[in-house]
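Naming follows writing order (A, B, C and D), and every chain is counted from residue 1.
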Amino acid sequence: MGLIRMTPSRRSLLLGSAAAIALLVPHIAAAQEAYKEAPALAARVAKGELPPVAKRLPTNPQVIKPNKEIGRYGGTWRATMLGASDHWWLIKTIAYDGLIRYDLDTKGYVGNLAESFEASPDGKEFTFKLRDGLKWSDGQPFTSADIQFWFDSVAKNSQLTPSLPSWLRTASGPVEITSPDARTVKFVFKEPNGLFLRNLASNSNIGDNPPIEGFPKHFLAKLHADHNPNADAEAKAAGFSGWVERFTTVTGPLSRWRFTGLPTMQAWVLTAPYDDKRRVAAERNPYYHKVDPNGQQLPYLDGYDFRVVDDAEAMVLRATAGEIDLQDRTLASLRNKSVLFDNQEKGKYHFFEVPQPHHNTMVLFLNHNHANPQKRALIQNKDFRIALSHAINRKEIIDLVYYGQGEPWQVAPRKGSVGYDEKVAKQYTEYDKAKANKILDELKLDKRDSAGFRIGPDGSRLSIIVEAPSDFRPDWIDVLETVKKHWKEVGVDLQIRPLGRALIRNRALANEHEAFVFLGNGGEDIDLVMHPDNFLPYDQTGYRTFALLWSNWFAGKQPSEEPPENIKRAFELYRKVQSSPDPKVQGEAIKEIVKISGDEFFNIGISLAPPGYGLIANSMRNVPDSITDIGTIPYIGVVKPEQFFKAQ
Amino acid sequence: MRAPTAAPLLEVDNLRTHFTTPGGLVKSVDGVSFTVGHQETVCIVGESGSGKSITARSIMGLVRRPGRVVGGRMNFRLRDGSTVDLAAIPPDSATYRAIRGREIGMIFQEPMSALSPVHTIGSQIEEGIRLHLGFGARAARERAVDALEKVGFPGARQRLNTYPFQLSGGLRQRVCIAMALACEPSLLIADEPTTALDVTTQANILELLLRLQGELGMAIVFITHDLGVVAEIADRVVVMYLGQVMEAGPASGILGHPRHPYTRGLLRCVADIEGDGLLRAIPGIVPHPLARPPGCPFSTRCEEMMPGLCDTTAPELLAINGESRVRCHLWSSGQPHVTEGAVHG
Amino acid sequence: MSSATDTTAAAPAPAVPAAIAAQESRLAGASEWRLIWWRFRRHRLAFASGIVVLAIYVIALLADPIAPASTEASKPQYTYAPPQMLHLFRTTDDGWRFEPHVLGYRVQIDPRAMRRSFVTDPDTVIPVGLFVRGDRYSFLGLFESDLHLFGPIEAGQPFFLLGADRLGRDVLSRTIHGARVSMSIGLVGVLMSLAIGVVLGGLSGYLGGLVDSAIQRTIEIIRSIPTIPLWMGLAAAVPLTWHPLAVYFAVTVILSLIGWTTIARIVRGKFLSLRNEDFVVSARLDGASQTRIILVHMLPSFYSYIIAATTLAVPTMILSETALSFIGLGLQPPMVSWGVLLKEAQNIRSLASAPWLFAPGVAVMIAVLSLSFLGDGLRDAADPYQK
Amino acid sequence: MFAFIIRRTALMVPTMLIISAIVFVVIQLPPGDFLDTLASQLASQGEGLADSQIALLRERYGLDQSILVQYLKWITNIVTALDFGQSFEWNKAVLDVIAPRFWVTLGIALLSLALTAVVAIPCGIYVSLRQYSLGDNLATFFSFLGLAVPNVLMTLVLMYASFTLFDSNPGGLFSAQYQDAPWSVGRVLDLLAHLWIPAVVLATAGTAEVVRVMRATMLDELSKPYVDTARAKGLTEARLTMKYPARIAINPIVSKLGWMIPIIVSSEAVVSIVADIPTMGPLLLRSLLAQDMYLAGAIILLLAFLTVIGTLISDILLALLDPRIRHAME
């Protein structure tokens, strides 16, 4: 990491003017009075409800370089959300301001709430310097005490957080956080933590990545028993079972969206919460710490207004009626593209590209630790899997289901990723029925039953039962139906079982499954490091568990079984990726993991995932034409929605 | 039984009511004529299927689809003295409705279902009164109590709010009568009102009708197949068979010395206390309406049928000694036609 | 004292028109079912519906040979292909002659809109005929064949009378195969519900008192049991090796144990009104046992309700299958049933640019309508009190 | 009559208790619980829910106790403090979640009942007067058509048609400008403009049944002698038809009235999902699929209560309407 990472705009400003600090001073001074604010806020200042903008901004507000042009104030961001638990949309679009943020231009991390940050060469210590004069949305100062309050009273409190999130722990112990002064916070690990900054810049809607900058001490202390002795009594009076339940409800990653009133550092402040009033709305945060190069306090947009619908079709209707400004989630599906395409004029919108981080449209996982020993032996036989792969006509699937977009691709990272390996990506993707039949015959699976299917090792028809989610990615059922036709031609009977996702997960974690399908995670570096589970049998989510016993062995759980040498080597490499702070070391380890996964050929991939798309109103400005969906990072948040604006 | 006053209350002349059925045209009433004087009781008698009920319904304009009054005249003398031809007025017209219930009342055969089961007897009686006489609620209620008391309904005032299913058959028939006479019509049509009742109740009802006829000065057209009833109340009798009048005349003449073989056959069916107790029925069954026998309709069952005459040409309805009429070749020349056998007196 | 009784010495009745006499004598001797059949035949609308229902069941049974293509036959180049017009006559240079055919397509892929656009190509003529060779199938598991009732004479040619779906599969063939599942899968369940409903409803109506109130309260309890968790629970409890159709069948049979409440209530109402009819009282006075009274005396008097309820329970079965598929329970793709086909079609994209995908919806309508009219007609015909 | 009501209300308590027990167990039938659904949902978005996290939540929600303990706690809370528990998904008291939606559902149910009554009853009477006429066949055809078209399909087609033809976006309860506006005539009209599709779809399903029942009972009653008695009194055809036969033919319809509300609520789920109306149907469906136990349990208890009350109301209505039944009850 090394030295302080400069925001590109500041460096170019410094380099461009080649003036001494003297020139710099008037810039800061000049900028001070020249700050401008949104008309709505100016009115409130006039009425005395708000201090003037200069007082609301930190002494050194972050200057944001707009993607295309300086914007104007006004307009709301309209979109739709589906059902009761679509928090993912909120977290990836309007809850992205943390201590640091991922910067697309430099592909690195820049200070955000932190004016600057420094990582020690050995990767164990990380020091953050907060901006001076940062304020919460209710005007109270944001200091290191708020971070310290989160760490001491929430993270370390076993009732509120049963176990510290994995990225705040290393093999030899949890992190230690100290605040030397009001603007400095130090994170000290006992071992180097290579993924710390990446996790800090990520967010998610569950406990794993809590928004550590979302715990205002002045607001939450009175709800916490350590700080307010009768917090418990007050909680019970308010209808909760105790202060713990009240505190977790107010600060929980999902439940915090159900109420208004919690001070925030984000660009917009919630006005209509995500409860069942079918509308989530917000207004601008008067104390937001960012300005544009002309000194105008951001955000440009007045707020957002997301309507909650129960059925995806209602989204299509709203889109074609021109009621959607920017959205890709749920609405921009494969099936809807043509009707959305036809209504572009009526809806006054156009499309933007959403490149997928996944490397594959669908991965067929076979259970290498199958409960039935004969089936397990067959699945663990690499030639058997190679034959199954050759039997699939990937070209036909790409034409049929994905409109000719994409190319045949195995379980392998994309081009441009550190782990990319042409051989692994393309091996066994040739459609060669003869070869497949030959291999299967050699495996003594040559006898056939009356319907032309081969006889399996246990004497009955050779069939593979594949579980596919009935409520997620309908295209997978179409792909499986085509694969079923292909495998029938080589005598293998593929049985498709459409089931609910919860059921698939329960069976997988109980090792009752035979085969299932899921996303091909880990196509890009950012995703690959966090989700190498396509390339080695370690997965505890129940969604990519193609070898539960080996995975449990690595996680130290029961029931477990010792994996073969090659896999143990892969596990070693994975531990190295997790621990080493040096990207080069991580890169080498990833390369080798992918090579092992290629040799082992654990699972069968179908085709390279074509880019997704999203809808954007013609009036929305400063939005890039392509927004890459980068897994755990708030992929829309990183394109700086605070500088989106609406033309006249 | 009084002598009829000068102009008759109702004069039915050559009434024809036909039914167009998928099987063909059924001439239920095929040229029926008779008159009803003021305060006179005329009984129309005949087997089922003779058209007697359809005749009654035709007068009241209650012929249901697909039946329709297709011909003839029914001159009826209204209260205000004017006469109207009921056959000419469309049954559902306002004029006809003003007559129904106001000028002519009607009671039916099945007291069990002649009253609405879900309305109180009071409200069902008051309805006619308020409709025709324009009474207010209280006045109508009083009039209803008065009507029930007139028909001998015990405890009328208290039981106005009872329901038909709580009453016996006889009491329900009395309610029907009260309802029909609430507006004191000048003519009451009774379509077999006592057939469904036991003998003693039947007698009470008949006795009640006669009493009311006297009090209200109204005429009665009484439809029955029971000659015993005819004997008790009829001033004049009309015998019908297959939609035509076979014989008509004063009750004493018809019952005393019936001229038409059919009337004689019917009388033989009545159990005669002193007689030999052997009932002799009329042979054969009433022909199917679509298969009317040629000539005299009764020819197929008439013991005195004269082959070549009765079964070929239909006899005319001829007047005999002034008040009686008969439709039979035996009487075609107005005189008793002597056959080889005894004179049928 | 009417004189309707015959006596020996009567003169011969005149020649009543043969038709009427004959009919009357036949009527006298006919059994109740024959009576119902005659009256039913007179009910033109219901009779026609009966024929339509019969036709649907025949098509469902012989789905394989009747449908021009198999359900899985997907043709990538014909995704969302519009329906082809069937022309019966062809005008060639030497005049026109009877040669049924359809026209081929000219296809362009538009990747930006993710779709293929189709234009009918007048010069490629695809002759069509009866009894043609097509996709192989096993006829009811008895024998293999590839004979199809109608289709392109040259196998493999695009033949989509009702257009193609998103995988280029023939919508007409899939609708025909869908009939087989949708019209039959729930029958056993429906019949079981009916049997239970009639028995419990009958007892409740006939015995009255404590039994009646107990059964009514049970009905109230059963009616409030949510079927959705039952579906989820039962479908998950069944072992994975079962075929999805078998799973659906098993669940419908189990659910029939709580599906009888509606028919039970109807039967109870009918029994209550019949209970004190004269013929029942007299049967009781004759010393007939209760079960004999119910089965022999009371039941025949409302066959009409039972028949009507049976025929009307089938449409409810079909409609509930479509609703279940919509919420993600019941049958799922890759199964083929009207419910599944409708679920895939029920979206704005299909409505906007592929309305022929709603053919299964039309099939559901036709089936439900004809079954409803059939049920109505049967009810009128079998109702002894009906004029 | 009064005794009958007392007896039936008293009987309601045990019935409701039994229902609550059965319903509570049935909701738990599907494998796993709410947290499994939540975990699987998050997992498919690339998020792992740590086991310790799940254990903590499970213990807090009381899902780790046996079903019996959970049930007893739930029932005692309801009986003693009318507290139906918390919804896991909405993190709110169940009643707060249900309340606003209950009124919308009731609104739609009554609207569609009214539509059904206004359309089906006169149609049923007309059809019985003109039996086997063209009108009869047409009316029966259209009422069956309403039954034959799957609700989801009809809603979708109507939504799309109103969107393409009238260019109005019927989704949701209010259009944007009336979303938070105070109640005004404009807002009511806007509300109706959004509710007409679900109401019509739900009404069509009910119409077929009502028309057929009305037709059958009217045909029976029209042939009864008391109709002629009324004619003999001089009443107009229209007046006597409405006052006598129709009055009796209404009885079976009214007796089914009590049941209509629960039936409509359970059948309107799919319609409201497509029409995007915030009613109880989608909420029940969602909570059952996600096993949000206390929310689902509360809604079903409410529906069960409506059914039991509905049956009682329909029995009372029947007694009020038909003196014969009222008499038999004494």
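Quick notes
In this text, a contact is a pair of C-beta atoms (placed from the backbone, for glycine too) under 8 Å apart; a residue touches a chain by one contact, two chains touch by 3 or more.
Protein identities per chain, from UniProt: A = Peptide/nickel transport system substrate-binding protein; B = Peptide/nickel transport system ATP-binding protein; C, D = Peptide/nickel transport system permease protein.
Source: prediction; values computed, not measured.
A comparison of the B-D and A-D interfaces places the larger number of contacting C-beta pairs at A-D. Overall, the chain located most centrally, as judged by its C-alpha mean against the mean of all protein C-alpha atoms, is D. If you average the CA atoms of chain A and of chain B, the two centres end up 95 Å from each other.
Chain geometry summary: the mean Cα position of chain B and that of chain C are 54 Å apart. Distance between chain A and chain D, defined via averaged C-alpha coordinates, is recorded as 41 Å. Listed for chain B are no residues, as none touches two or more other chains.
Each of the following residues of chain C touches two or more other chains: 232, 236, 328, 346-348, 352. The residues of chain D that reach two or more other chains are 31, 156, 160, 274, 289, listed in rising order. Residues of chain D that touch chain B in their complex: 224-226, 228-237, 244, 247-248, 321-324, 327.
Those residues of chain B whose C-beta lies close enough to touch chain D in the complex are 60, 62, 92, 97-102, 105-106, 108-110, 113-119, 124, 127-128, 131-132, 163, 165-166, 176, 179-180. Residues of chain D touching chain C in their complex: 11, 15, 18-19, 22-23, 26-31, 137, 140-141, 144-145, 147-153, 156-157, 160, 208, 212, 216, 219-220, 223, 252, 262, 269-270, 274, 284-285, 288-289, 291, 296, 300, 303-304, 307-308, 311. On the chain C side of its complex with chain D, the touching residues are 45, 213, 216-217, 220-221, 223-226, 228-230, 232-234, 236, 269, 315, 319, 322-323, 326-328, 342, 346-348, 351-352, 358, 361, 364-366, 368-369, 372-373, 376, 379, 385-387. Taken together, the chain A residues at the contact with chain C in this complex read 312-313, 316-317, 320, 334-339, 341-342, 396, 399-401, 403-405, 465, 467, 470-471, 474, 477-478, 480-482, 484-485, 496-498, 500, 503, 507, 512.
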